[in-house]
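Consider the two complexes below, in which subunit A is the common component and subunit B and subunit C are the respective partners.
Let's look at the complex of A and B:
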């Protein structure tokens, strides 16, 4: 591992190569792709949260000119397998269209296929569905009650997962602690809601036996799941990965969309495309995020040292079970945050309800958990009358204590939390910030400072799968890169995934350029289709800088080793005697230029050492640096790397209007060695914007009748440039010992701490009124109501 | 219905249903797919185009209403194949995007802003782009890109109002 200053291309502010096509409108998104003879899909959606489907009358729809097919769930289920479940819940069957009964408002009941999307929408309105309403359950607590109507009667209850872990002497630690406190916080159901809805085009070639798929996806094992659902060999599913994805942040899973459209393409022998409209996306697109109630108890000493935590996390995953329950598992890898909490009891509960399906969202459950932990740390400080930052300092793992093993089995790689906090406080002028807050308070405003210190586990493996599902024995979550040097000496690297704005082409060309000492702008990065691809697991779990970067590094290293072997053979010396400079290999008084070496590889077999393949190509399939063993006694090594972020926020609230304004926002960020500063900066700022949305604005709200109330961007509010303040970033670099350049992940940065920091700032502002908000989002209406009630009560 | 549209300086004749939005006409009939579909209810700004040099949401106007108007889409901005406008280049320089989906609308909005206001304050930039939602960047690098474009235009000695 080199010091950052010694890099040629890494950590340099190089342009992101993908940007050039985007600024001219030449991105290649799934919705831009069409095929000759393509048909279009619109969906008939359930109007009930729970109902038996008595009949579906499609006769009027089919009579409309241009309509080709109305597919129901019952017909679909005859020819295809259900979609994959993460847990062993075989009675919780999930198909793209409701089969026999509908389990949430907005669920797809039938798919209408027509010559144009407009005709398909017209026809969808003509499909008559007769329902027999059934009892339903919306809230998580109600669903957890054994008396609640089960969403899947065959499963017997609404409980998909209810597992309690004991890590360390929790009861003893509680007994020996001077103080305890107990609190509840609620993370409202929201999502990262990309501006591009999900789009997919599928085309079946019955002579080649190939299903071509172009889809806006960010999904591990995507082709595998299509093949299983359609009962095709994987060699017959060709997912085109050279599709640009218009934002994902975890949610572009789209498996039900894809299986549906691929099935229709095979059935009708025509290319079929589905582009969700916003309504289909919001209510039935399978992209809502965690919806979670936390009940937490903390045990601590009078000096503020927190000894133990009991956490119960109850997550409402909605009507079906995909990978969503695993979002309770991933946070186990950082369950104590950056703190030296000695023991933890963690109860993870996932329940079904008659809400839309929950899927993966940025951080995979970590942002809600961080919000719960950070709220507790603030409460401890308040109870003891200690400064919140001083309290954190007393509990932080110290820089000299890494690698640090936390009670749940993960070893944190590296960090210097105290240094990052010091830098942020110095940059922000913490004393002046407090003075400013107090000045605003004296003016009659509600003003508060929020802090959050938390971790971003990165380098995603899948250790939470075997931890929560004993039948799952996965211990690799590999990523691959292949490099080919052609006969003219130019370099192509192949990556095996789609990207949704992470800049993977820039990442790989930078890393390969660094190792081979070649200008990254001269390296072509391509994306073979899934049939031609090497194994990979897509950009989830903040993993690609570590995993794709690692694969590229090792592939380039193998290529260089081959050049050394050839040169050593020709020079008659040991490979160790050689040096490499910008493609030129020298030693023993000789040199071979890059082009001479390339020519030997491509044309001069007679010059190659024995047992050397001609050509110049290298492949590396990279295993996650840690976390290679199955769990033992409920403990497991989760992700290898742990980035750190410290947020400091000043919020001002007009007590009459209740609208919070983020007056100052500073974040200290340590993700080890930065590969591209533009990309990391953008991820951090964008993550903070998502976090502000989750803290203040965004929620999928259901009413008592089980109807979703936030179905458009008029009701589901996204932060605009007015809501996102100027953010000051303070950098720190603690390299990871486990990665090739010391890099850590940054794809979830900002988002993991912003909700906690904003919430903490608001609660600091409300403290003089004696009230606190313990549910996100803290919407203006809730805030102004709470302030008004407290003001009235204080006056009485 | 037949309609003639002036798109990126060229006159185009096409047959559309009265209900066809300008957005759908641009994408489906003319294959100008740089104009993106985000919400189709006028909030997100992904489909922003310029109509007579003003930003307009293409999802909120029917194709037949656009007869006689001068329409600029993202495909009409680059000065020549392989080249970038000053604004486009500034977005690349500052990485004012990630997934690129809101980018065409954002760049057209920035063009319109700088044409009318060559030296905008940060607040004026924030207000101009508040009609365009970006989910990736948190807007910081977009604002920086527009500031950079303004600086470069100011230093280019180009006549005011030309981009």
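Let's look at the complex of A and C:
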């Protein structure tokens, strides 16, 4: 590993390759693609949170000119397999359309296919569904109650997962600690909510036996799942990965959409497209994130050292299983945050309810967990009368203690938390910030400072799968890059996944350019379709800088090794005697230029060493660093790398109006070696904006009748440029020893700590009143009402 | 999110528009369309016939005469925001317009459209009620004037018949020299529907005594509420915060406040009181500053 200062292209503020086409409006999305004879789909949505489907009368819809098909769940299920279920809960079956019963308001009951989307919507209104309403359950605690109506009667209860881990001597640590406290915090259901809803076009070619799919997808093993559901060989599913994806951060899974549309394309022998509208996306697109209640107990000494934690995390995953319950598993890899907590008891519970299905969202459960931990750390400081930052310092893992093994089995790679905090405090002028807060308080405002110190586990392994489901023995979670140098000497790198804004073309061209010492702008990056692709697992778990960057590094290294072998053969020397400079290989008094080497590979077989293939190409399939073993005794090495972020926020609130204004926002960020500074900055700013949304604005709300109250952007409120303050970023670099350049992940940065920091700032502001807000998002009216109640109580 | 089928008629005159409106039971006017079009896209509104009046030049004039600022119903909000006549003669409207939606929606949205829509949180109806303005209405061949105090009947409801068309909006012009305005609102995000908003316009004499006062609350009540008694009580006085508070407390306490999922009744009442104070004090400060030649 080289020192960052020695890089040619890595860490340099080079233009992001992808930005050029997006800035001029030339992105190419799934919705931009059409096929001759294409038909359009609209969905009939359930109006009940739970009901038996007595009958579906499509006659009026089918009578409308331009309508080709009304597909019901029952008909779909006759010809296809249920969608993938991550847990061993065979009675919890999910199909793209409700089969026999509907389990949430907005669930897709039938699909209408027509000449235009408008006709399909007209026809969808004419489909008459007769329901027999059933008892339903909305809240997580209610669903956990054995007396609640089971969403899947065959499963017997609403509990999908209820597993308790004991890591270390928890009870002993609680017994020996001077102090204990317990608290509850609630994380409201939000998501990333991209402007581009899910879009998919499928086209079946019976003469080639190929189902072509263009989709706005971010999904591991997408083609595998389509093939299984449609009972096709995987060689017949061709997912085109060269489409731009208009935002995702986890939610663009779209498996039910794709299987549905592909089935219709095969059934009707016509290309079929579905572009969800906002209502279909918000209420029935299966894109909501974690919805979680935490009950936490902490045991600590008088000096603030936290010895042990008991955490119960109850997640409301909605009507079906999918991968959502695993979002309780990933945080196990950073369950103690950046702190030296000696022992932990963790109870992970996933329950079904009559809400829409939960999917992966940025951080895969880590942001809620960080919020729960950070709230507790603030409470410990409050109880002991200690400064919150000093308390964190006392509990931080020290820079000289890495690699650091946490109780749940993950070894943290590296970090210097104290240094990052010091840098941020120096940058922000912490003493002045406190003075400013106190000045605002003296003026009659509520003012508070929030801090959050959080980890971003990165490198995207799937160790939580075997940890939560013993029948799953997956340890492989690879990524592949293939590099080809053509006969004219230009370089193409192939990657094998879609991108949803992560800048993979920039990443791979930068890494290959660094190794081969070629201008990255001259390197072409392409995405073969899924049939032509090498194995990969898509951009999840903040993994691509590590994984795709690692694969590109090793493939480029193999290519370089081949050049050395050829040059050594021609020069008659050992490869070790050779040097490489910008494509030119020298040694033993000889030199071969890049073009001469390329020509030898492509045209001069007679000059190649005996056992050498012609052409100049190299492939590397890269396994996650540290991803070598199955879990043992409930412990596992989760992700290889751990980025660190420290947030410092000043909030001011008029006590009557109750609207939090973020007056200062500073983040210290350490994701090791940065490959491209613009990309990291963009992800961090976007993550903070999303975190502000989670803390203050965004929630999918269901009322007591099980109706969803936030189905559009009128009620689901995304932060705009007015709500997101100027953010000051303070950089620090602690390289990871496990990655090729020392890089760590940053795809989830900002979001992992912003909700905790904003909530902490508001609760600091409320502390003089003796109240705190313990549910996100913190609404203006609720905040003001709590202040008024506390003020009245204090006056009595 | 495709609208249900509808017919479209682009009217060539107000008379033609009124004729077309009367021709079909489910006909509706469209001007800026900034509320109607999203409602149609979600199929919450499904008119059979849309009668478009946005292009009628006779509805896009701005004039000041007879002690009134008279704007055509289809004056775009953005146009009014930048208009010197509006600024000079209806300063409270100019003060409130930047709070209406977003710049892109103001480019399309009209003054008359916002009034006809009668959203309780909307700023333009609040200004109209606060200033005791009125609208010109045409129905068939009959033209009439309707006072703002009579116009709004409830959330999204006016007393206008479905076949009526607002043609002009009238804001009284105050003749005093030192006029100040104040406008405040709170919403979840900037440009969202206001939970509460308040508008005030005052005229002061050289000593700072109130010659004329208008004050109104929006968002908190089913229709914009003009606080006439408070305005009356403050007229002839020099306004202090204590005085304003004393006059406002009983008036706000007596209001019938709305509640919804976004904000509690108590919240709206507390904020209404605070905002009425703030709007009043801001208006007085604005009027005072003008004497010093510093009109904001």
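Methods note: the second predicted complex is superposed on the first by the 796 of 796 C-alpha atoms of A that agree within 3 Å, B and C clash if a C-alpha of one lies under 4 Å from a C-alpha of the other, contacts with A are read in each partner's own complex, and residues count from 1 in each chain.
Operating definition for what follows: contacts are C-beta pairs under 8 Å (C-beta built on N, C-alpha and C of every residue); 3 or more make two chains touch, one makes a residue touch a chain.
Only a predicted model underlies this, so the values are computations on that prediction, with no experimental measurement involved.
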Pick one for A:118: touches subunit B only (first), subunit C only (second), both, or neither.
both
Go through the superposed model and pick first if A:722 touches only subunit B, second if only subunit C, both, or neither.
both
Touching partner for A:501 - first (subunit B), second (subunit C), both, neither
first
Per the contact definition in the header, classify A:82: touching subunit B only (first), subunit C only (second), both, or neither.
neither
Regarding the shared-chain residue A:712, is it in contact with subunit B (first), subunit C (second), both, or neither?
both
Have a look at where A:784 lands relative to subunit B and subunit C in the superposition and call it first, second, both or neither.
second
Which partner, subunit B or subunit C, touches the larger number of subunit A residues?
B
For A:557, is the partner it touches subunit B (first), subunit C (second), both, or none of the two (neither)?
neither
Quick one: classify A:249 as touching subunit B (first), subunit C (second), both or neither.
first
Tell me the contact category for A:277 with respect to subunit B and subunit C: first, second, both or neither.
both
Residue overlap on subunit A between the subunit B interface and the subunit C interface 118, 277-278, 712, 720, 722
Subunit A to subunit B touching residues, read off their complex:
15-16, 18-27, 29, 31-32, 118, 192-197, 244-249, 275, 277-278, 500-503, 678-679, 681-683, 685-690, 712-714, 718, 720-722, 724, 726-727, 750
For subunit C, which residues are in contact with subunit A within the complex?
1-5, 42-43, 186, 188-192, 195, 261-264, 266-267, 270-271, 274
Contact footprint of subunit C on subunit A as seen in their complex
117-118, 121-122, 125, 277-279, 654, 656-659, 697, 701, 709, 712, 717, 719-720, 722-723, 779-781, 784-785, 788
Residues of subunit B defined as touching subunit A within the complex
17, 19-20, 27, 32-41, 43-44, 46, 73-75, 77-78, 84, 88-89, 91-95, 97-104, 107, 122, 126-127, 129-131, 133-143
